Amino acid sequence: MKLELRGITKRFGALVANDHINLTVEAGEIHALLGENGAGKSTLMNVLYGLYRAEEGEILLDDVVQHFAGPGDAMAAGIGMVHQHFMLIPVFTVAENVMLGHEETGFGGHLDLPAARRRVTEISARFGFDVDPDALVEDLPVGVQQRVEIIKALSRDARVLVFDEPTAVLTPQETDELMGIMRQLRDSGTSIVFITHKLREVRAVADRITVIRLGAVVGEASPTASNEELATMMVGRAVDLTVDKSPAEPGAPALVVSDLTVLDPHGQVLVNSVSFTVHAGEILAIAGVQGNGQTELTEALMGLQPRVSGEITLDGSSLRGHTVRKILDAGVGFVPEDRTEDGLVSEFTIAENLMLDRSHQPPFVKRFNVQLSFLAKFAEDKVKEFDVRSQGIDTLVGRLSGGNQQKVVLARELSRELRLFIAAQPTRGLDVGSIEFVHERIIATRDAGTPVIVISTELDEVAALADRILVMFRGRVVGIVPGDTPRAVLGLMMAGETPTEEGAAA
Amino acid sequence: MKSWKTPIALAIFTLLGFLLLVVFGRDGESTMRLSTTTDLIQLPDVVLPTRPTGIVVVALLLLITAGSGWLVRSKAKVPLWLVTVFAVLLLVGFLAWASADHTIPVPGLLFGSLSLAVPLIFGALGGVISERVGVVNVAIEGQLLAGAFTSAMVASITQQPLLGLVAAMVAGVLVSFVLAAFAIKYFVDQVIVGVVLNVLVSGVTGFLFSQLLAPNAATLNSPPRFENINIPLLSEIPIIGPVFFRQTLIVYIMYVAVACVYFGLFHTKWGLRLRAVGEHPQAADTVGINVARTRFWNVSLAGAIAGLGGAYFTLGSVGAFGKEMTAGAGFIALAAVIFGRWDPIRATLAALLFGFASNLQNVLSIIGSPVPSEFMLMLPYLVTIFAVAGLVGQSRGPAASGKPYIKS
Amino acid sequence: MSETLQTPPVSSGKPAQPGQPDQPGRVYQIFREITTGNAIISVLAVLLALLVGAILIAFTNEDVQKASVYFFSRPGDTVVAAWNSVSGAYSALFQGSVYNFRKPDFASGIKPLTETLTFATPLIAAGLGVALGFRVGLFNIGGRGQMLIAAALGGWVAFALDLPAGIHLVVALVVGVAGGALWGGLVGLLKARTGAHEVITTIMLNYVAYYLVSYLLRDGFLKTPGSNNPQSPASKPTAVFPDLLGPTYNLHLGFILVIIATIFTWWLLSRSNLGFQFRAVGLNPHAARVAGISVDRMYVYAMLLSGGLVGLAGINQVLGTSTSGFDAGIDSGIGFDAITVALLGRSRPWGVFAAGILFGAFKAGGFSMQAAEGVPIDIVLIVQSLIVLFIAAPPLVRAIFRLPTPGQKTPGAKTPRKRTTTPTEVVAS
Amino acid sequence: PSTGGATSTAAVTNFTPCIVSDAGGFDDKSFNQSSFDGMTQAADALGVKFKQAESKTTDQYAGNVSSMVDQNCNFILTVGFALANTTRDAAKASPTTDFAIIDSALSNDDFSPLALDNVKPVLYDTAQAAFLAGYLAAGTSKTGIVGTYGGKQFPSVTIFMDGFADGVTYYNTQKSKSVKLLGWDKAAQAGTFAGSFDDINQGKALSTNLIDQGADIILPVAGPLFQGTAQAIQDSGKDVAIVGVDSDLYETAPATKALYLTSIMKQMADATKKIVTDAAAGDFSATPYIGTLDNKGVDIAPLHDWESKVDPALVKEVDAIKADIISGKLTVTSPSTPK
């Protein structure tokens, strides 16, 4: 089905999120939408999907003007959407999530769960997914949740499909599979809008590219354009896509983890006797498919996991069994994986968030009193230093874009005397400009002699940052390999295959 | 890894049991009457020698405690049924102790427990539905009271208890309308509306009671009550029959309501959508579910059910409206909702537990208890605290409950 | 009134990023409106409630009812009677709560205002306690129990001990507040240790406290010697709050204490590190935990403080208001009113202060409405509830008076990921 | 301070009597209600209007009484022991206003008894009448078991239970019987209570349990909760009777009139009416009024429908006991007797 958006304008108060945007997606075309964080991509798609009502403009499907009062109408017209922020109900099973809104029922509204299960397995089979229809969504790794979102959209036989950053949480293999599916769908005549920040993907799959900046279309690009060209178009300035990184000068072993095991409340092993060492002045990247124990490993290091055995020492003193506060005070900096959930209090101001994990000691607090003028000056400095774009230090963090939120977390964690820095998925969902900035800061931290652990599912990121790479699979260490290990090898390791000799030597 | 919580709790209770049943054991005989005079099948009274019973019970408790300790040591979970057996044993021991040289009519004890629990169950069902769809319902008390008042008045005027029942539902719905309108349309804090509604309903019913019902009691406050209906066969099952199947229509409606709400919530389209709206309204919105409408009508439904609970006071139980006659039942129902983890069956069990503790207290104080009345009256509340702290622990409610859904 | 850490303005070098929203989202706007209380809307809300109340008063007035019998022959009578009843009732409300014009001089004319403040005193204290809980994400419905325990323990000190003036008062005050704190802290401890939901435990502990105090009054250490009424002896004069404005007025030291408590709570929440951690836990317990804040410990501290503030309300009753002995009804429903006061004040200390005074005015004015005009106490309650509802629902008031929404219609954020934790979320979490 | 507007020689035309309830409210089916009825009757008889203030919570007592003073009431009736100290303080503050307080005397803060010139305590020796009811119940019971329960353990409640218990004991000693009383142990001052004066459902549950234990006469001392007892009796299908309290239930709650054996009455309406009319006539006296069997301030109600079911000989014995109590031959005591 052919989709046409004409002159869409959407305002949030005084902010014009979409400014007379025109976009045409032909039937059987994958159309990529590029733009910085906050450029207005999601907003445009939400207008298309009936979630927002545009102030101006119209939506045409096969040249017929549509009037959507809500997502129901959009879906009925054949539009499906895989949302950037998952629209899944955590306490429902996969089948329930998929059937919600178009339930098949028997007598008296009785849910026909078997039918829903069949549907899930059928679509899973068609696209090669491995999804258990009876699993609770909240128990699933994010990558699988993403598939559920896709199944949800596909189960409605949508003929226009919007993918809003579907790959942010997928592994390279998963991403490749997804792109295969998109091609498959395209070939069967579905029009696809594909939003991503990863230029590699755009060039691999898109038929046409539209770039949006500050709410307006800045132009079209061809899939053959270089990364630099695309990035420049998006950001409006030249972006250095490869971060300069000098070779590491590792010092003494700083963090020594031996035989670390983490259990979940049911006694299930999440991290299985993991041992490794991080030296001062090096970056150890922990790679792996989402859900293979990396999260739990970092949480165990931070004292956030209750059932832990094994030993963790930092500069010779043990960290295991200490409270989070003690570990933070010992000089561990931590960027959690989910910044809105674990890293920030969105209803706090930037300034308040900057003192979040130091609310118990000078210089932020003296004799129970928060030192407001100190905090203001500190925040002002950090906002400048980390280039947090906001209306001032009293802006609520929840109103910042994702990239700027992440900068606040980084600013907070990197402004302490650190003896260890742990960053989990530090650039998830960020645009190229922000990624560049975050990577620079992480390397600068290493160069200052701090041991750094970066947890990432993103091979590009791992390649850009790692001095050594630890690959995890099913809670175990598959191997620790040098930072320049080829993608292909890493990909295999992430699937559980032990590395070849040359890799294991590192 | 290992959680010693259960064995420790069991050990503490065993110790308490030992102190009460053995150290402070009483001599004499405890009689438990299992049948009512009207039963077809007459079971003989169970007569237990008080002190030996206590000793045996404590021995068994000790055994279970040891067993649970062993289980935990060998990294197994203590099964729920074992805890249940423990609780039942402790209860039997306690009953025997308390009724030394007295008779406890078991069916009567249970019957009364159910009667005290009925309004709580209706209220809790209303609470479960309302909170599951994302609207916190602190106004259960108000819905109960409105239902009680309206049903009494309408049934008195029409002399039709069934019409009274309908009126009670309408009254509950009206209270819900206010809650829903303010909470859903005008985004007023749901707890404010709930708390205020309780005051409002108390004021309105109190006022109308003084002005209308009290002076014209014969015409406006003498509703015909529902008759008890004995279900053939079922009502003759020993113990169970007299307790559950010689009840009024309202109680039978309650059984159906519990079953329907349970089935509906977890096995129908209605329930799926309702829960979706309460968990993640935006996700529900994206699949075409009208969040506001779903909330509005289900909150109204919740009001109707709670209204039925109100009608139980007047049409099922006591046959006339009295000021503030719900006496805090709505708040206990609210506690039952949370205690029951927002699950209709569990909430019902929680309400029954409360009813049982209340009526046990009644019976014990009647057969003469050495404990001052005030401490006896505390019993149900203490039992609830112990149960919540010891057994239930952390509970998680519907994620979006209490949060207004504001659309662009 | 806001307690966000308002950092002193430092001129920001960066211009706002064009892509940033420079206009608050709609959630925030609604929140904002209510917080700052658009004055006109509040006035209209009160007007609206009074209007509805007027209808009720007129309907229930005997003279009106009599006149309405012959409404069609002489409708004027009904109108006049209605006008008289309503204006009488409302002027009684005003004269009972603000200024009594029938008194000859200012000193006695202003007495009602001092009565308003006297009644506001415990409401503010308990409201602060409940509000503090809300800010930490806890819904404290246990005001009744905490007040009772505070009144019982502090009251006992006040009537049973012989201590020098001043010291006696301080000891009674401290013991009372500590009693409330313990009763509240118990809830926090249960929550931290076992996860028991505070809504359940506070409701249950209300009853436990009530029966406990009833017993103590009847047969325990609170019993009046020589009397068989379940009522405590009178507080000794050495422990009684001194009058602030002389014996003519009932306003006592409690009001000053409550002002101090308000300042303290404001400082605690907006300036202290403990308050910072409280708010972090209230808004996002996950992030707080990751930032090294012990969530469980905050729950215990918060309930201790919350119970202590509510306890202040309880001790205020026995040392200030009902000094001639108390019974098990000494809480007077203030623990429940405090919930509304706290929410109406948006859980901000000075907001609570203002809401408490509004409620105090209703209590004070209610007497004269009832006494002078025979308006049933239930009607007073109804009008009160309506005012609260309307004040809490500016969009409704706006819709009724067809006022434009401030700014333009600004659709914005949908369900916020995390709003200020209101108690409602707590109930469900 | 507010000045009481009353002049001691108030003509009936500008006489304003006023009444303040305790937290039970005026329709508590108990003493507030009877006092209110008395006030209504008196005002009707005098052709004046009276003012009323209903208290919902204890912190309203002082405000209600003082606003009555402000309203220039000449005579203020306060109901219940809970208002005693409030009444005392208000009476001291406005010595020209007359007060009467139901169910309590006054005392100083050091607990010594206090008499004020403008406060009339109105007390009832309810145990005397309850004694008769207890005797009657014991003699009428077929199962040999009678029962009682209260609302809350207040002296104004337990005084009924004490007298009733003594009546049963007296019957047992006189007749060498062993009629058992469930729900109250006078010696231990312990028994069964509903915990509330509102929760009629709880009254029903308690009564059902009493009936299960074999009681066939029940004395509910808990305001409106007797309605629950009536329903429990009807549900049980047994021949069980109620002994009412405060007023003759046969008159005030005729819906279940067939169930009332008798009622233990505190004739508050009459006493109130008399005190108000006296005050209006300028005859106010602060001498305490104590309702006894002698002055008919307390009594038991006629048997009405139960007349035929009760042995006439028993009725005669009750009358004789009544005479003995009046003459002082028999004294009834209760720790809860008002002082």
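By written order: A, B, C and D. Residues from 1 in each chain.
Basically, a residue touches a chain if its C-beta (ideal position, glycine included) is under 8 Å from a C-beta of that chain, and two chains touch if they have at least 3 such contacts.
Per UniProt, the chains are A = ABC transporter ATP-binding protein; B, C = ABC transporter permease.
Here the structure is a predicted model, which means the values were calculated and not measured.
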| item | value |
| --- | --- |
| Partner chains shared by chain A and chain C (ABC transporter permease) (touch criterion as defined above) | B |
| Selected pair, greater C-beta contact count between B-C and C-D | B-C |
| Centroid-based (C-alpha) most distant chain relative to chain A | D |
| Centroid spacing, where centroids are CA-atom means, of chain C (ABC transporter permease) and chain D in whole angstrom | 36 |
| CA centroid of chain B (ABC transporter permease) to CA centroid of chain C (ABC transporter permease), Å | 30 |
| Chain A and chain D, separation of their C-alpha mean positions in angstrom | 74 |
| Chain A and chain B (ABC transporter permease): spacing of chain centres that average the CA atoms, whole Å | 46 |
| Residue list for chain C (ABC transporter permease), restricted to those that touch at least two other chains | 211, 214, 218-219, 376, 381, 411-412, 414, 416, 419 |
| Shared-contact residues (touching 2 or more other chains) in chain A | 51-53 |
| Chain D: positions in contact with at least two other chains | 153, 195 |
| Pairs of chains, among all present, that meet the touch criterion | A-B, A-C, B-C, B-D, C-D |
| Chain C (ABC transporter permease) to chain A touching residues, read off their complex | 4-8, 10, 12-14, 16-25, 28, 271-274, 276-277, 279-280, 283-284, 286-294, 407-408, 410-412, 414, 416-420 |
| Complex contacts: residues of chain D adjacent to chain B (ABC transporter permease) | 25-27, 147, 149, 153, 182-183, 185, 190-193, 195-196, 198-206, 208-210, 212-213, 224, 227-228, 230-231, 235, 253-255 |
| Chain C (ABC transporter permease) residues within the chain B (ABC transporter permease) interface of the complex | 26-27, 30, 60, 139, 141, 190, 193-197, 199-201, 203-205, 207-208, 211-212, 214-215, 218-219, 336, 339-340, 343-344, 376, 378-379, 381-382, 384-386, 388-389, 392-393, 395-396, 411-416, 419, 422-429 |
| Contact set on chain B (ABC transporter permease) toward chain C (ABC transporter permease) in their complex | 131, 136, 138, 178, 182, 185-193, 195-197, 199-200, 202-204, 206-207, 210-211, 281-282, 285, 328, 331-332, 334-335, 338-339, 342, 372, 374-375, 377-378, 381-382, 384-385, 388-390, 392-403, 405-408 |
| In the complex, chain C (ABC transporter permease) residues that touch chain D | 96, 108, 115, 119, 122, 211, 214, 218-219, 224-231, 233-234, 248, 250, 317, 321-322, 324-327, 329-330, 332-334, 363-364, 366-368, 370-372, 374, 376-377, 381 |
